[in-house]
Every structure is written in C-alpha cells, then in structure tokens.
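To keep things clear, I will list the structure first and then write my remarks on it.
Which chain is which? They are A, B, C, D and E, in the order written, and residues in each are numbered from 1.
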C-alpha cells in the first residue's frame, strides 16, 4: 500500500522535475496513440456508416464479426503484425519492426474493430427521421456523413475516447512490434508508458510503475477533457 | 410534373398502397386527404425517394425517379419535404434552417439573410438562437416548414404541416403556402387530415382510401359530389343513407329509405341500391307547423333527436324515419325554440341530394 | 569554399537479449560507452529466451545475447548464428522461505530438489516449488537439475501434484509468487538480488556446478541475412569480451548489492568449461 | 506468414482432439471473464443510470473521470489489486493473490469504467419522451431502469460486448494477480488463454500462440452470437 | 381536485409561464387552448411531475405535489398522460399499451383483455402485434391514448391528442373521452389547438396566453364573450375592430370605428377606447337595395371585398369603412348573386356586438 503513496510522490517528482526520459516516453505515447486513434477514427467512421446505413447480405454476420474482434488480444495483434513486418515476412523489406510506425499500425488494427462497432452502435441510435431529413434536404454522401456525425457526436466522441483509451493503455502489441527499445535518439526509441510500466513492474519497481501509470492517466485526462469539450458543444 | 402510375407499397405482409395512380401538374397544389393509416405519409416518402415502391412507377418530368439511382441526388434536390413528426437537429433553430442551404454551398451572408426571412415568415422571428430541441410542437413544425422552404424547391412535399398549430398560425402558414405557390410556381403536394385546409389551399384533392385514390377532383367536386359513400362520410357529408330506387324517369328518381320516400336527381334506374348524400347545410329545419311547400323537393316531418354544439353552430339531428342532421346557428335554434323532442320538418331540394351507387364494406 | 565534413551516418545495432540479463541493467551501463566509441546507436529488445532466439532466426536483430548453452548450440548448428563469445557467468540460487520446511539448506542442488519433491508430495504438506515454466534459460537449468537428480521431468515433476506450480512468467513475477506462497524456486542471482528487498525468501542453495549460468553474445549469420549490420555486430561482441568491459562486468552491482552480479568470463574459461577461443579471441 | 496457417491447423487439432490442457484453460477464461463481465454489468448499469439521469454537482467531472479511466493500463490495475491483496496488503489475510477470484476482481475493476461510460452514452441516446412516458406511466425506479434498458438494449448489449472483449483479451492484470499458474488441479491454476498466449509467445511458439488466439476468438464469437440474438429481439 | 396557484416556469432567460392560477374540479373536463408556444405542454408536464415549476404551487387533492418527493410515485400513478409527440417503446403495439398495467403488477390475462379492449376502443383492433415504431402518426397517437387509458387514472392529461387525426377518428376519440369521463368520473385536462374540440368536450376552457390564463370559462362564454381582443381573435371572432365610445347611456353605446358609427350594448363610458367583437355568423349580408330595417341595430352599406371558401360555406368580407366578414352558404352566395365588388349591406344587432376594453399589444 505504501508503494501507492510512493508512486504518487514519484509521479509528482517526475512531473515537477520534467524528467527528460519520462517526458520523452510520455510524448512518444501521446504521439503514437493519438496517431493510431486518428487513423482508426478516419477508417472506422466511414466503415461504420457504410455498415449501419447499408443493406447488403451478411450485414448482421459482419457486425457479429466486428464485435467478436473486440476480444482480439493485443498479443495476437502484435504477433500478426510482427509476422507481416518481420524481415522474413511479406513486408519485411520495409524494415518497420521495432519502429514507432509499427506500433501505430498495431494500435490502429487493435482499436479498429471496437471503434467501428461503437460507431455502428452510435449511428444506429440516431433518430431515423433525422436521417431522412438530411436526405430530403439534398445531402451528398459526405454531407450526410458529416451531419449525422454531428447529431451522434456524443456517442461518436465516446467511441474516440474508448479507442484512445485502448490504444494508450495496451502493451502486448506495443512490446511485440515496438520492442520497448530505449535508444539514445527519440525517433529510434519505442519505449512508451505502458511498456515502461511493464518493465518497471517486471523489475519490481512498483512505485515507478505507479508513477508512470499516474502520468499516463494524466495524459488521458487531458485528451478526454478535449473530447468532452467538443462533445458538449 | 409528377406522375404516379400504379404505385404500390407493401410492408412485410401488409399492403398499404395498392395501385395509386395520379398526375400532378407543374405549379399545382395537390392535397392528399384520407383516414389515419391510409398511406399518405408513405406516398410522400416514396415521392421523396425515402423509400422504394413495391411496384409501379413514379415519374418526375418524365424520369422514373426510382430507376435512376445515379441521379437521385439531383432529383432529391428538386424537392423539399416537411415531415409529419419533424426532427430537430441538435443545434440552434437558425442552424436547423440553414442546413439545406449549406448543402448547396450558399454563402454565409445569403444564408443568414434567408434564414432570418424564413423565421419571420413562419412567425418565429427572434427564435434563431434557441436550441431547436427545446421548441414546442407547433414551433418545431414551423421550423421544419422554414427548413424545407429556404431551399426554394421546385416541389414541396408537406406531411400534415399544420397538425400541431393553432388556427391563427394555421392561417398564417396557409397564406405562406399560397404565396410560395403563386410567387415561385412551386408544385405543392400536401397531406392533411383537415379537409377544409385541402379546400382552402388545393387546386385538386385526392382522397386516399383502401390503398388507392377513391376520388381525385376539385375541392368542390369532392365535397359536393363524393364518388362513393366512404368518401362522402369522410369529407363530412353528415347524411349518408342507403335506399332503393323505386321510381325513375327523366333524370329524376324517388328513393325509398326505410319506408320514407325521397326525391332526388339521378340517372339510376328502378331497383338499384343507392346511397343518398345530403350535406347538412342544405337541410332546412322549420317548426312542424310552418313548413313551406317546396316544389319538386322533400319535406320530411320528424322530431328532434339531438342537438350538439359545432363551433358557433348547433348540429340538430332530426329523426324522420332515418336520422337527418342540419346545422343551425345558436340564434336560430333559440329563435325557433328547437329542443330535443320538438316536432319539426326537414326540407331539402332534389338537387341537393347526391346519389351514388351503394357499396358494401 | 569550405565544405563541412559530413559525419558518417550512425549505424544502428539491434540486439535481442533475455529479460533476466536486461533487467540487471548491465547493458544500460555498457551501451553509452559503445555508442561513443563506435558512433553507433544500440537498440536493445528484451524478450523471453525463446522469443529472443526467434528474433535472431528471423534476422530481425544483429546480435543475440542469451544464457542457454543447449539452445545456443542448436542455433549455431542451424546456421543462424556465428561467432559466439562468452562474456560473463554467475550461479543460479535455490531460494525459499526462511523456515525451510523441506530442510534443503546447504544441500547440493540435486539433493535439495529431491527433498523438495519428496516433502511436497506427502499429504498435508505446505511445501511448494514455483517453476518459471516458460522455457527460459532459467527454466532449462531447472529441468537439467531435475534430470540430474534422476527424475523424468514431464512424468515425475510436472503435474505430479499441487506442490509443483509453473508460473509461466518472468523471473521477477516468479519470485513474487514464491514469496507469496512461501515456496521454493530457482532464480538467477541478478534478479534475486534486485528483488531481495521486497522478499522474505532467503538463499538456501548456492553451490554446485550444475548451478552455473553462462552468458554469451553472438552475431547473426550475415550469410543468412545479408543486410544485417555485421560490422557493428562484430564490434559489439568484441567489445563485450574486451578487457575494459570485462573489468566493468566484474565490478557491476557491487556498489548496489555489496556483491557482484556477474563474474568476468575472460580468465575463467576452464572453470566454466568453454573453449578459450570463446572468451578471448576477438572476431576477426 | 506460414506460422499463421500452422496456427489454424494447430487450433483445429487442439479443438478436435479436445486437448485437455487447452480445454481447461479455455474453460477458465470463459468462467473468469464472464463472471467479471456479469459483475461489472450489474455495477455499471445502475451506476451509469444514476449518473446519466441524475443531476448533482460534479456530474460532468465524474463523466470525465470515468472516460479517463478507459485508459487505465491493465498492468496498473493488476498492480493495484496486487498491492491490496498481497500477503502484506490490507486484504492479504484473504489469501486471494494468485487465485481465479483475484483475476475476476481485477477484470471487473478494469472493465467497470468503460462499461459505466458506455452505459451512460447508451442511456443518453434514449429519446427523452420515452423516459417521460415511463415516468408518467408510474414506473418505480427499478421498473424504470429495466424498461429504459430494454429501449437501449442495442447499445447496452454493445457495452456488454465491449466489456467482455476487454476482459477476456486482457493479460496484464491477469498475469500479475493470477500468475499464469499451471497447477495440476483446475482450481489452483490461473492460466487463461491470454496468459498462455503470452507465455507461448515469449517462448517463440508462434503457431501455438495463434492457435490459442483463434480459440479465444471462437469463444468470443459464441458469446457475441448470444449477445446479438438478444440485441436484435 | 387540481389547484394551480401562481405557477411560473422559466427556461434559462425565457419566461414561459408567469403566474398561472386555476382550479380544476373532480370529474371536470378542462381544455387548455392557446397559441403555439403559449406553454400548454409545459403546464401539463408540470402537473405530471415531469418538470418542476420555477415558482408557485400545484396541488392535487390539497397535496403540494412538487414538495412531497417521497409521494411522487403514488401521485404520478394517479395520472395518465398522452404526449403531444408520443414516443413508441421499441416493441409491439400490445406491449406498448400493457406497460402501465405491468408496472402495477396486473396479471397476464387481465392485461391481455384490457389491451384488446383498448385497441378496439381507439379503432386499432388487430394492430396488437405490429411493431409500434412502424405506426403512422395518427395510429401512434391513438396507441398513446390507449396506453394512458388502460391504467384508468384518476386524472387524464392529454396534450393535443387528436392533432394528427382525421375528422372521423377525431369524432371517435372524442366520444371515447366523454365516455371515460362519464363512466369513471375521470378528471381530464386536455390541451388542444382545435377550439371546437374544446367546445365539444370541455366543461370549462382556459385560454393560455402571454404566460397566464387570459380567460377561464364555459365554452360558450369564451366564444361569445371573449375577455379581450387577443382572446377574441384567437377563438375565431372574425371581426375585431377598435373604436372610441362617442355616446353612452343606459348600457347602450355608440362607437366610432374609423368614422363609421356602430351601436352596441355596453357599459363603457364616453371617450373610452374599446374593441368590438362581432362573430361573422351574426352578420347578415343583403343586396344593397333590399336591406330591411333593424330596430336599434346596425345596417352598414359597403361593397364585397373578397369571397373565400370556408368548408361548406363562403366567407364574404364587406368593406363598410372597415372590413366585416360574414359566413354564408355557397347556395346563398349564388342566390344573392354576391360577387367581388357587389354593393351590399351588412346588418347586425346591437346585442351581437361584444365590447371589451382595447388593449395595446
């Protein structure tokens, strides 16, 4: 229990002293997870809209499949991406393994199903008359999408919050494709908050782990405040 | 402009529309009236491309709108629709009205001007910044009208646009509709359950019943010469009674209604089962004693069965073997000292009896 | 006109290592020195022994550092690795509760294991042995001890009762678990020392040849993966067995734990039974 | 890439032969994660309803906090629970550490924020007139809750799907408080699919990892089919 | 039974209700009429405990319903409400209607019976198994009524319950409402924009305007003796004109309306600014020549300014210095050969002129 208090003290110290290592790790976490969240959002919204408003055979099965993929363990995502980008894999020549790019890809893949699924759920909650009104006012596909998003913005942004939360908190894929490398240059390093937490934990440094966890939550709080601001507009 | 050809619509195992055919001309105001659940909304939705017909064709300017999928955007942009239960976008009233203009890429200053004007026209000036979700039922209905109106569509589809409005607002909106039609030549299809509204606004009325138009005609035609007894009852012909033609010659006939003989103009022949439609305002009620003779007309003695208020009038029902209702002003009722049970006579001309073939329901 | 001499582009060196080595932070001490000397950037990935070897097999790294002789031999034999060099060694320890319910203190490792098993299997005993159970170098060693003690691992040990539990995790977690359950376990000395402060477990057996733990570094075969950074890889392996680094290794951890975590391999090749070339000869 | 096919073959083999170890692990995964999901649902629904329909100061901040906790890394959850239930922790005397019960607790804590948050989002999507109609028909609190759930069932069950997905796919907390123990008795073991996958991965056994991943997804598919069946009723 | 005492309601900076006071007796049918946005829905919601007043007290049977939070369930269970835009629960029609009964723990067989009966009463027999979300506007309104009705509340609150219905259905629902009131003694508060509906159903009518009741009275009072010119206009008194009393004695006065003198019964004194309300049906139009003398009455010569249809009648507006409208049947218009521009005279008695104090808007 004492370690929790120690964790808070340590977190405060790290933040106050702007510990350069920790700042770099935190910055990397933000960049990678935000990028992944944005990418996944850009994919999930049109995809979710197409599935929600579309009528095609196998639609229900597709939704089922997507919901099933919520359970995709991060380690499996990491493994699959690893197999694809490892040097002997089909995309090996790109030398993406152990790079932040690989982590972005893995996190995007990881959160895409849940974001698509929740987008479908958000859109299915929009009053059908709103939908019809948009059509009848002569919306193009894009205008329709933008406006229906505005109507469902609370739920859509909740989806983004979920996606970001899952991306920044996951560790399995990050460690497998990123490697948790602490290199001397910012761009070559792949250590993010979660992988650092894992490492500290495995070394028995519990206060440090908790301190990093607190920093992670502080970042998440910031992102969520931004999201909520838009949500309630 | 709009042609409906044998349009039908089924939901699962329920057939709502079944062979609806009509032509609506450019610049015409066409009212669709019909009982609740007749398919008025369904029909408007089919025209607005919000739903697909199960059969038949809908053409606008000769184009089969449901066949040309790639042109659906431009077809839709010709039309504006006011929904029966309008939905508010979760933003301000002004933004709600601006949406259609934004879709068409209008400039900010144009939008602002048009929105202001529209708000003014529907009597909601000053409501621009209120959140649309907090509007009252009638206010929202007017916003929906403004929303469809600002895009100046060639065709305006309105699904019971004044259902939630008070008479003063209704009058204002009706004037607005007439003005739009007059100034822009907008073709207007309006569904309404207020038949007098149909009459006030429409060039022609279509009575939708049992899956199709039972009658299409000018308001006067529909009101005075209903095509069948269902239409007659629906358009408010109080007196619809069945009988058998017992004598007929020279376009004139005598009909037996449960033992009482009624003279009417008609070309049905002897023995045919018919239905007599007599509008209550064509029936005069007089004290039994003072009934004046009416050449070639009907004078039926009876007693007052009931008196009920009807706006500024009273509806007096007389039992003359079958019930006959008339409408009198309160004053007349007082003056003539008409009370329940009073012996009176009901008189009406043979011309005011509209005869249609009896249909079995 | 004068032109700036463009500095030679920094070479990247990718190393896969086992977690127990990485967690001691020895490499963290050494990499800045190497980066300085060779104008290189060192990227270290730590993973379970199996996973680390897989990285090597795929050519995703340039250097592999593990401590599992048998599997290293196979790796070399399959042609994935070349130029193995041994840079350090230490001893595993058997740790357990101070009460030592199986009475193994001071025994030889084989005897100690036998005692744990016997007591563990008697009814109503609370003797438990927690195994890494993750095919790591430590786990390999544990299996070797069981074998040396005369047991068939899968038949006589694994699944012979609730006294034997496989943690299937890293060393640190395994120690935490042993601590929680007041159980015995086999640990590398580095992790044990790192965790010692939080543990009620004490060292019960730390002598016996079989407890020897040898760390090596090897190059991934450049003939298999032509674009590995073979030069820097070579530099790294040579760096690890260089005299200066060997000294560094021998003194690493003394200030923190009061005892070294590793012994330098350089002069003890006979004692640990590896060819002299593997500890002394730089890769040409 | 070849490993993926091998993974499928291996998965088929494990399933067809009803490999007893794997079956036990899978069963444990289902039991633990379903229990956690049910517990979290039972907590999240009244909590979410209270927050959504309630009016109290700090309501928005609370929602913010909940959304922030979406980012709670599983390792941190694991650590906190670990500290609470370890022998020296405040609940140490219960001897819960390294038991399936501990895993259920950790997973419940882990998914509670996301389930509460999505419940709020689901409920806020219900037409206010529906709410008023229920009140005006004289619903008690419980009747109100039950009926509003029925109205929002699509989104509520999507929430359950998310919660279950997160529970069954997480590994950080499971390993920390469960320990991935393979003991000879079912009840003493705490090895579940994700921890087994991690282990196989750390051993470099990719086909086995993928096979276990496929089995995990098969389970998730089953659970989701059940959920969708209710959802579309 | 229901007492409203100085009830007010503000939304942000908008005051919707401001000192509404009224008493509604047990078993009474009370109609709230008023323009769109007047606060009718807001008032009903306050009574049904769906919103809290910003000020004032609402008592039911003497209990301040907004103060007694722990009794709110039992208070709410006394009431049934039909919303203006009813929401359908996402299930079958029958289940929608059953909800309130289920809340009260009714048995399955009772529920089934009552639901069937209710469906029958609102004219939707056979719709039980349809999904409620697919109902038409009017159908849903009837389901909402059935839903509130089956729980047999002591107080039935209805917010424009027939707004989306055709006249035939309206008649059916009105009969049903009267029957419920008669058979169960249910107190009914109905908001409506159809004033004739108020008249047909209500014992008393409250006219909600500008935040409060401008008038509360029997339908006849409200229609014939509107409290002020706003009410007069709102209840459809076509002719509301302002003037100044120029002579007054013995409860009789002469009012100058833009130069034209009108006799009226009133007790206003000379010089007062007043407003004359004359119902169009009290005005007779006659060809200019044939105007009969009317003792103590008004005969104003003028020309026909416009003729517009109004149901089975025509509304004829005569310019006699100021516009005066009358309603004539089509036949009379034809018979008297009244056309736009015809010289006619409009006559009405002094008694038919209702005089109120002029109010500034």
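A few comments on the model shown:
In this section, a residue touches a chain if its C-beta (ideal position, glycine included) is under 8 Å from a C-beta of that chain, and two chains touch if they have at least 3 such contacts.
Computed from a predicted model, the values in this text were never measured in an experiment.
The chains that touch chain D as well as chain E do not exist here; no chain meets both. If chain E is disregarded, contact among the remaining chains keeps them all in one piece. Of all chain pairs in this entry, the one linked by the most C-beta contacts is A-D. Mean C-alpha position of chain A lies 35 Å from that of chain C. Centroids of chain B and chain D (each the mean of its C-alpha atoms) stand 58 Å apart. Here the CA centre of chain B is 22 Å from the CA centre of chain E. Within chain A, the positions touching two or more other chains are listed as 127, 201. Residue positions 85 of chain E each touch two or more of the other chains. Counting only residues that touch two or more partner chains, chain C has 173, 176.
Pairwise, the chains that make contact are A-B, A-C, A-D, B-E, C-D, D-E.
Within the complex formed with chain A, the chain B residues making contact are 45, 48-50, 73, 76-77, 79-81, 83, 85-87, 89-91, 99-100, 102-104, 147-148, 151.
Residues 47-54, 133-136, 159-162, 164-169, 173, 176-177, 179-181 of chain C are the ones touching chain D in the complex.
Against chain E, the residues of chain D that register as touching in their complex are 127, 129-130, 132-140, 143, 147, 150-151. Within the complex formed with chain D, the chain A residues making contact are 1, 3-4, 60, 63-65, 67-76, 79-80, 83-84, 89-90, 114, 117-118, 121-122, 124-125, 127, 154-155, 158, 161-162, 164-166, 168-172, 176, 193-194, 197-198, 201, 206, 209-210, 213, 216-217, 219-221, 224-225, 227-228, 232. Residues of chain D that touch chain C in their complex: 86-87, 97-98, 175-176, 179-185, 188, 191, 195-196, 198-199, 201-206.
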